[in-house]
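Right, one structure below, let's go through it.
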Amino acid sequence: MIFNIPFIAVAALILIGLYAVIFKRNLIKMVIGITLIESGVNLFLITLGYREGSIAPIYTSSPGGIMALPVPQALTLTSIVIGVAVLALMLSLVIHIYRHYGTLDVRKIGGPEE
Amino acid sequence: MILEAIHIILPILIVAAAAFAVLTKDLIAAAIAVAAMSLLLSLEFYILQAPDVAIAEAGVGACLTTAILVIAIKATKRMEEEA
Amino acid sequence: MLEILIYILLGIGIFFNVLAGVGLLRFPDVYTRLHAGTKCTTFGSIFICGSVIILGLKMWYQGSTDGSVLAIHTVGALVAILLTNPTGAHAIARAAHKSGVEPVGAVVDSLRKKSTKKTVKKKTEVKE
Amino acid sequence: MMDFEYLVVLLALLFCVIMAMIRVIRGPTAPDRIVGLDTINTIVIVGMVVFGAAFNEVIYIDVAIVYALLSFISTLFIAKYLEGGDF
Amino acid sequence: MFTLEPLLETFQTGSGFWSPIIWIVAIIVAFLVAVILRGFGKKEYKEKTGQTQAFLSGNPEYEKEQMHIKGSNLYWGFTESLEWVFDALKKMHTGNVSDYALWFVIVVAILFIVLITGENLMGAI
Amino acid sequence: MNVADLIDLLLQHSPALIVAVPLLGAFITPLISRLNDKVRNVFVILTLGLTASLVFLLASDVFTGNIHTYIFGSQDLALPVVRILFEVDAMSAFMAIISVILSLVAVIYSWSFMKENTGLDKYYTLILLMTAGMLGMELTGDLFNFFVFLEITSISSAALVAFWTNKAKSVEAGFKYIVISTIGALFILFSIALFYGQYNALNMAMIASAMQYTFLDKIALVLLIAALAMKAGVVPMHMWLPDAYSKAPSSVTLILVGATQASLYGVFRVCFTIYGGAINLSSISIGWILVILGIITMLLGVAMAIIQTDFKRLIAFSAVAEIGYMLLGIGTGLVVMLNPEMTATGLAAMKGGIFHIMNDALDVGLLFLVAGAIYYATKETSLNKLGGLARNMKYTTVFFIIGLLAVSGMPPMNGFASKLLIYESTYQLNPILSIIAILSSIMLLAVFVKVFHSAFLGPALPKFENVKEVPKSMLIAMGTIATIIIIFGLFPEIIVNSIVEPAANALINYGDYVREVIPSFTGGV
Amino acid sequence: MSGMSKIVKTISSITFPLITIYGLYVIAHGHLTPGGGFQGGAIVASGCAMMLVSYGSIWIVSRVKEKNLSILESLGAVCFILLALLGLGFGAVFFNNFLVGTNSLFGVVPAAGSGLADINTGGVIPLMNFAVGLKVIAGLFGIVLVMAHASRTKGEKK
Amino acid sequence: MIAFIVTTIICFITYLLLTTGSGTMGLWSMEEFLFGFILSLIVGFVTGRIFVKEDFRMLNPVRWLTFIAYAIGPFFIGLAKANIDVAYRVITGKINPGIVKISPDLKTDLGITMLANSITLTPGTLSVDIDEDKNDLYIHWINVNEEALKGGSVDCKYICGNFDKWVRRIAE
Amino acid sequence: MSRRDIAAVLSFSIVAMFFIFGALMIHPFGAPDETGMDDNIITNAQTETGANNAVTSVVFDYRGFDTLGEATILFTAVAAVIMIFRRLNK
């Protein structure tokens, strides 16, 4: 009916993230790209677990119905935490790189060895 | 019907925010766009019947991610260099 | 009867929220946009939350405990909005002024001369 | 079971989000963008409340409270950055 | 029960074999040869006398630093003659993170074509 | 309760305890390091020792042919599998042994190697976490759990690579490593989600039994192979590896070798177990992809190694070349897996490849430890400045010779045994492969002769006159590995028969692995 | 003189206890309403981050030491893994929910399919929620604090 | 100590409001009371000194009642007027902005905060900055009244009506 | 346009093509094909774990080990960040 638009959005998010990682020169931009890939994967997991006309997988006193799948939600929780942890580590490394090189341009740091 | 319209509009907004986050040269603007994307992503999670994940994304994506990003930009510099 | 009230409140809320969006697009500078973006959304959300509260109270009256919870939690959300929104607006305005955004078409700006003096003072503080 | 009118409200709110999003993308300066973000924040909170009413689920309002309390913090961080000075 | 027998088995690998005994014997023999060769050395060798100085056709001895052949000088001829290969290889290693990610994307693209398109083609044939 | 019962109980719970003990140790380390440095070091070594003994206990049972499953949170296995379960077959146990040995040696080595640094409590915490991550990756039977442990491993190892934060290059290497491994891990998660969307399962055995090899499965296969191969350092996605290996402290590099091999284990697990049934369906063999990747890896790694002038970077490139041998061996096994005439060849190739995993870990690890020892003694890693060290560092020189002979596949050492298996079996498949493999092995020898000459031989340089032999703990660490190398080299038959062959069989007979969880499964040989 | 204006400071100190109690509510009701250890912990940590931004990191560092945060986090993690190990001791396997069905504290099983349940259910789940919550509060706040403090002492090293 | 008790009680009330409808004791169950009390003790212990600064003026219940009266009465009317005003300006686009300074002469932090937030939410005004020492507010005014500018400093009544008196009654 | 850019654009567009094909070929939105495992959890969660929230019962009971891993990751990240910003001289 709606041509799997959420799934296409997932693909678009992942591709935008990859684009940032490959084509952008700023280190923080690359990190942002990685968070975008992360968000895309999270959205994918949640979208997989959605059932049309379902309710959240929590028993409440309101009238029940079919429930959305709980496992992808649990996986996404784990994935979100992992995202924060990785983001913090990457950004602290970026801060250190900036202190050493004075720039964030990916072509100016590093370079070939010897 | 209306729910489907929402399911079409929200992903488009999310992708727009993401694209803006990547394309802009100003890193603070990128951080703002990531926060906005995270916010809308959380609304999308919420509408996809995952309130647990929406809370987690709210606490983490909208607040802590932005905080860490802004701190990192503060410690480095704001604008992307021109090629 | 109550439902009509709910609809009216919802209508007012939506009207102000849409107004906020339009104002955000139409106004010329940050400060005026803040007027639209903060005030109208806050006001609109009061009405929308109010309609939800009335719905909850109605449910409670009809004998569902859920209704009371719905009403009370919505009040909680409303209080949180009312506490944080103006503060956020103030923080943004202050940040905008400190980062050097001038109000467009200002008739008077009594902060400007003051603020230049202030920044000078600040610099000396940093040096110490 | 959901109420039709609340979903219409949600759609209208999404329309506001689109306008605020345009401001986030177009805004010439960073403060403009934060204004847009702040507006999106408030609208999303209201949207969550409305959605909770639409689905008749009390627990959903909790998410809105979280947002109302926390969205303000990211605004503060960016404002603090623009103000200048150390954290 | 520990027995020596599994230790002494030969290691069959289809067409070749491997025996620890042969190699132990070979090592011992090599060690003996080395000891014997060492024994041929002159008894009156003394350190830090004229005996230990190198004789370079009457030329003065170089500094010790210069006598030592450095790491990058070894196989100079080899690397020089294959310079085009090594140049290309060095060019590949840019030390740039974006390029690392790009190689990943390239490999994914190639594998997509090989595995998916190729397979469908093979199926069609 | 007598001792036999206790051991039985331990054996039953060992899959969980193997991961839980280092984790608990890691959580306690920050508390205990407030007391005393020495207490902390002893505590870490004891924790790893306990883990190692548990691994050996479990492995001794697994190698006799039992597959251990451990279900978390419940005792009975209900279908469909909703809980996480650990499934330990011979291959997992084999990898676990390698990882735990490497970690133990690295901790012993760093007692004196890292003495001068600050932040050591975090260092030991991260080493314990990394060990737990590797062990979890190798033992788990659940794909999402695999991803979680992969992330633990990569985050902790990236932090450890950047341990010397005052060096720009080492921070940069850490950043590269975390970026690359995060991208890889995210694509792995994406393919896990693809599996979940189709089969509604996360358990490897369940996915394997339901596998239909659809379009989405192919996408997942490509992403899994590419991402895991990138984490294992396969050319052309190897470039982070020399950076990370050469800029990390040597003790960390030793564990990093184990981490890359855990990713390689992931490749094999995906190809053999999850897609085990799909080999029949596919018309292009996945095995050939692995073989070609292996050949490229071998050649490029060794070619780059020749022109390096930095000691550790050179060893890192030779480690890349070594990874090629493993891929070649196992890929050959996968190619001929369905051909009933070549079963013996396939088995030999698999044996060679798997044996080479262990040999590579030991050889390259020993060389890195030697490089670390030289750095410790001289504060120098450039081959253009080193020279004449054999006079002052006798034991280190001996260890280096052992490592040199082993890594380049010279006869009395273990490298030769595994490489011989690979040469012979690939010759049956295609002679050219075997010739390339031999050629690159010869070039490896040349590379290390160069290192030996320029670092150890030559006149005694005046600036290295005061160089002393390294402290005892480093010598013990190097000596342990050297002894294992010599024993493996002299008696490979025992190792191959008792450890390697069960592991190879475990990979080939993937049906047993699946049947342990789903008894009604009919596929597999 | 770091931190933001007086208005922000006042509002922060008013909202901080509210955020904290709300986070603890989310943690405690993890098994009944959306939320749980991680989400509640993130909420409280965000509240702490709010204090950090409005009062400045110097003010925070003079009250909270990162070493103490690290120890707190270790304690949370140890509690969590010990709860899991208790499953091995009382029940039979690692991560066994050994409290459920015992009718003791937390051991009550709610009627199937209904939403009428108390905080008194869920077996070890609420306890694990608290352990994880403690860990997440200390961990996330520790990350933000360390990074913020490091960003201000720019150029101190070298 | 008083700070600790006050914070605990407020947190406990908040907790009870959040858990309405959980049981039979009134609206709550026994466990919720117990849990809420323990959690409030913890929060009170940790955040007491932050929540309540030196003065305990706000403990007087009369002030709370005044506050509620203020919030429902003049404040809400002001809010409504503000929004109709902004709506008018959004539609017509007529603005005449400027930044002015007012001296409301409030001493406590709470008072100035309340006033500033009220101003932000009411007719055409937005507090931009605050003088930390003298508690002067700088206000962005969307439609500057020319009359008000004639004197040196702008009088409060143009900006905030009688809010400052209410605030003084509540917070000082 | 350098050679790198050409290679990048080419491979990127191939990957993009396959991703979007994949998005179109996956099951229709909101109607998962197979739900055996999750239905099992939804039916049994309340009696087996005593928690009303099925997600929490998955997070802390059925897949509790993942949560341990997640907690470990956070611990690792904190340790790593503190280690990276440590003081270098004793």
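In order of appearance the chains are A, B, C, D, E, F, G, H and I, and numbering begins at 1 in each one.
Here, contacts are C-beta pairs under 8 Å (C-beta built on N, C-alpha and C of every residue); 3 or more make two chains touch, one makes a residue touch a chain.
None of these values were measured; they are calculated from a predicted model.
Write down the chain pair with more C-beta contact pairs when B-I is set against F-G.
Contact tally favours F-G.
What chain lies farthest away from chain H once each centre is taken as the mean of the Cα atoms?
E
Centroid from C-alpha atoms only, then distance chain D to chain G, rounded to Å. What do you get?
Chain D and chain G have C-alpha centres separated by 25 Å.
Between chain A and chain D, what is the gap in Å from one C-alpha centre to the other?
Their C-alpha centroids are separated by 20 Å.
Taking each chain's centre as the mean position of its Cα atoms, how many Å separate chain A from chain F?
Their C-alpha centroids are separated by 28 Å.
Using CA atom averages as chain centres, what separation in Å is found between chain B and chain E?
Whole-Å distance between the two chain centres: 51.
Any chance you could list the residues of chain E touching two or more other chains?
Where chain E meets two or more other chains at a single residue, that happens at 90, 93, 95, 97, 99, 101-102, 105-106, 108, 112, 116.
Where in chain A do residues touch two or more other chains at once?
Touching at least two other chains: 1-2, 5-6, 8, 14, 18-19, 21-25, 30, 47-50, 55-62, 67, 71, 73, 75, 77-78, 81-82, 84-86, 88-89, 91-96, 110, 113.
Can you list every residue of chain H that touches 2 or more other chains, as numbers and ranges?
18, 116-117, 127, 129
For a test of understanding, state which residues of chain E touch chain A in their complex under the given definition.
Per the touch definition, chain E meets chain A at residues 90, 93-98, 101-102, 105.
Which bits of chain A are touching chain D when the two form their complex?
Touching chain D: residues 55-56, 58, 60, 62-63, 65 of chain A.
Looking at the complex, which residues from chain A come into contact with chain I?
Where chain A meets chain I, its residues are 1-8, 10-11, 14-15, 18-19, 22-23, 47-52, 57-60, 67, 69-71, 73-75, 77-78, 81-82, 84-86, 88-89, 92-93, 96.
Within the complex, which stretch of chain G touches chain A?
32-34, 36, 38, 110, 113-117, 140, 143, 146-147, 150-151, 154-155, 157-158
Name, in rising order, each residue of chain D that touches chain G in their complex.
By the definition above, chain D touches chain G via 59-60, 62-63, 65-66, 69-70, 72-73, 76-77, 79-80, 83, 85-87.
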